[in-house]
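Listed after this line are the structures, all set down as structure tokens.
Each of the two complexes below includes subunit A, the first together with subunit B, the second together with subunit C.
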Partner chain A sequence: MIAVFVVLACMTLLSAFGVVISRSVVHSALFMAGAFLGVAGFYVMLHSPALAALQVLIYVGAVTVVILFGIMFTQKPQARRFRVILNRQVWGGFVVAAGIAAILIYVFLEQDWGGTSPGHGPRLVAQLGRILVGTGGAPQIFGLLFEGSSVLLLVATVAAIVISRRRPEQPTERGGE
Partner chain B sequence: MGAFVNALDQEPWRFIISFLVIIVLTLNTAAILTLAERKVAGYIQLRYGPNRTGFRGILQPAADVIKLFVKENVAPGRADRWVFLAAPIAMFIPAAVIWMVVPFAPKAVVTNLNIGLLFVVSTTSIGALGVIMAGYGSHSNFSLLGALRGAAQMISYEVPLILSLLGTIILTGSLSLSDVVDKQAGGFWHWYIWSQLPMFAVFYIASIAEVKRVPFDLPEGESEIVGGYQIEYSGMTWAMIQASEFASMGLMSAITVTLFLGGWQPPFEFLDLGNFDWIWFSLKAALVMFTLQWVRWSVPRFRMDQLMDLGWKVLVPLSLVWLLVTAAGTLIVG
Partner chain C sequence: MSEGVIPLQAYLIVAALMFALGAWGVTIRRNAVVVFMCVELMINAVNLTLVAFSDYLPKAHGAGSGYAVVVIAIAAAEVAVGLAIVIAVFRTRRTVNIDEIDSMKG
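What follows is the complex of A and B.
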């Protein structure tokens, strides 16, 4: 168990590090897929395979692919310089990261976790499904509202594409034919 | 002897052995399908196909493998070497790993995941990443074009592919592939293909698009972009890409059989073979693979806009409508 955890943690952290410091945007995106896969592995370790599968499906299979797609359509993949990567915001970034790490470590150490062990919560897929369709009870209606807003965003995206699309040019008169 | 077999049936040995079996199965499926593909192509085009190596060309896969092993592995000088070399692996692993949840016979499944179907679709979606890696890593315009087409096609057809599974999930009430097969017991009229015929059609078409075969082979498109994302590959890396394509074709046939054609269930109950029910599974899977090859050598390639129209304007609405019909039917009947 410990060995698996170490392997997954190394994979996630090294990939995340690769996302930040790699010189090519495409490499960053690929490293990000590795980090997502590592997180999916953590979900499996926590006895939540459904969450892991959804993580792989959405983040590796859709988000990363769309990002790569966007990069390749819009710009020539080219190497950045390290000076561009390590710009003057690097120290501010360090401070913020260290602060968040300190808060997280504090919470994890101070919280009394009692006898909790992973995988003992209500993580049934059936229950998740009921929450997603809003029949799980009064507070769970938020799941349905969240989905409704995502549909709204989708409609907005499609509308934006339709509005911004160029009209097909009128066939110009050409002599001869 | 019995104690030894029992010890092998425990974890982790059971998993290790069955996983090795899966890898061997995947590679052999790919090798045999290359031969079958050429033979079927030959007979459809009124010629023999490979018939020199062994009896009627039966040793052709072995000859191919030896040839590919001794061939030099050439990478373009400007290629992004690590991405270039990792791409075939990223394509092959998903095609091999999904076999783990396919039930071959009663209780003969590597891991009976209770989210089997979700595992199938999520692992299939990694394949698009491999295609993009191959296209980008080769540093060639044709490769990049092929990869972009491939990625667009694969993420478009994933939507109808997943939607077409939902009807089966509603009828079964479970995401486990073993449960899906168990529910279809008792003769061929209980198979889901009858109640889910539109979903079967959608899944069949979307699975052809997902494995990038004719008529959806725009990412390869020999006549326009000479081979798409696999132009620059040679030797074993090329063989790996081909193996993963044929393996995913076999895999899609196996999933089709499991979901819609009753898996290992015999067509009539008195034909039940007990532990040898994998014969039924293989027969049905082979039949589906043959239809895929039949399609490949019979129809021309789609245009890009036709491809997108078919996916988004026909398959997605059709599967949504039939999903509603299935849900309403389940609600009314019980």
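What follows is the complex of A and C.
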């Protein structure tokens, strides 16, 4: 169990580091898929196999592919030097991020979480479904959140089409595409 | 706590480090698409804490997993709209370097 945890933690954190520091944008996207897979493994360890499946489908599948599409449309010739991909705030940003990590870890370790023991998550898909519609002990607001997020997804889909559509009266700037 | 059981804090620390790495990337990268990826990393870190709490806290009744599903849906919507904006910006500005995109006027 501990070995699995260490392997998953290393995979997730090294992949996340790779996203930040990788010189190729495509490599960043693939590192991001690795980090998402590590998080999916954590979900399995946390007794949420349904969420792990959602994670693999939506993040490793859909989000990575959409981001690769975005790279495909906006890619320039590869940057060879870190000076090109990183701005001047590298170490300032590192200090800020380390401060965030330190504060979060301090709070997580100092806070008394009460009696914690693993195994209380919604292991069955039926349990997760009951939570999502606001029955079965979970807060009833989930019914509203579920409906709201479905409306949000519809609006976001329409908005994405409207924003990225090439307008017919607007001549394209790139010659041979 | 018996031997071999991973404490809740271990998951929280991994999530905190992942969140900080994502924040670092958002701060230092120049490419808007990579900034999006780092935002996704931060969202995933928060999801990890939510699922960990849902599994470890007996009185939560698994509410964290429900929140995680909602967060995943909203993150998917954010990626769709965000990349549409990036592509629209690239079409007018010919760049996705966020240091050069400093004007609100198209």
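Here are a few things to note about the model shown:
What we mean here is this: the second predicted complex is superposed on the first by the 118 of 177 C-alpha atoms of A that agree within 3 Å, B and C clash if a C-alpha of one lies under 4 Å from a C-alpha of the other, contacts with A are read in each partner's own complex, and residues count from 1 in each chain.
Convention: a contact is a pair of C-beta atoms (placed from the backbone, for glycine too) under 8 Å apart; a residue touches a chain by one contact, two chains touch by 3 or more.
It should be emphasised that the depicted structure is a prediction, and the values quoted were computed from it without experimental measurement.
In the superposition on chain A, A:V26 contacts subunit B only, with no contact to subunit C.
In the superposition on chain A, A:A16 makes contact with subunit C only, while subunit B stays out of contact range.
If you count the residues of subunit A touched by subunit B and by subunit C, you find the higher number for C.
In the overlay built on the shared chain, the residue A:A3 is in contact with neither subunit B nor subunit C.
Contacts of A:V63 after superposition: subunit C is touched, whereas subunit B is not reached. Looking at the shared chain after the overlay, A:F73 reaches both subunit B and subunit C. By the document's definition of touching, both partners, subunit B and subunit C, reach A:L54.
Of the two partner chains, neither subunit B nor subunit C is touched by A:V151. In the superposition on chain A, A:A101 makes contact with subunit C only, not with subunit B.
Across the superposed pair, subunit B and subunit C both touch subunit A at residues 54, 62, 66, 69, 73. By the touch rule above, subunit C contacts subunit A in their complex via residues 1, 4-14, 16-25, 27-34, 36-38, 40-41, 44, 47-48, 51-52, 54-58, 60-66, 68-70, 72-81, 83-88, 90-92, 94-96, 99. Here subunit B touches subunit A in the complex through residues 80, 83, 113-115, 118-119, 121-126, 128-129, 132-133, 135-136, 144, 147-148, 151-152, 154-155, 158, 175, going by the rule given at the top. Contact residues of subunit A toward subunit C in the complex are 1-2, 5, 9, 12-13, 16-17, 19-20, 25, 28-29, 32, 35-36, 39, 42-43, 45-48, 51, 54-55, 58-59, 62-63, 66-67, 69-71, 73-74, 76, 84-87, 89-90, 92-94, 96-98, 100-101, 104-105, 108-109, 113-122, 127-128, 131-132, 136-139, 142, 145-146, 149-150, 152-153, 155-157, 159-161, 163-164, 166, 172-173.
Contact residues of subunit A toward subunit B in the complex are 24, 26-27, 30, 33, 49-50, 53-54, 56-57, 60-62, 64-66, 68-69, 72-73, 77, 125.
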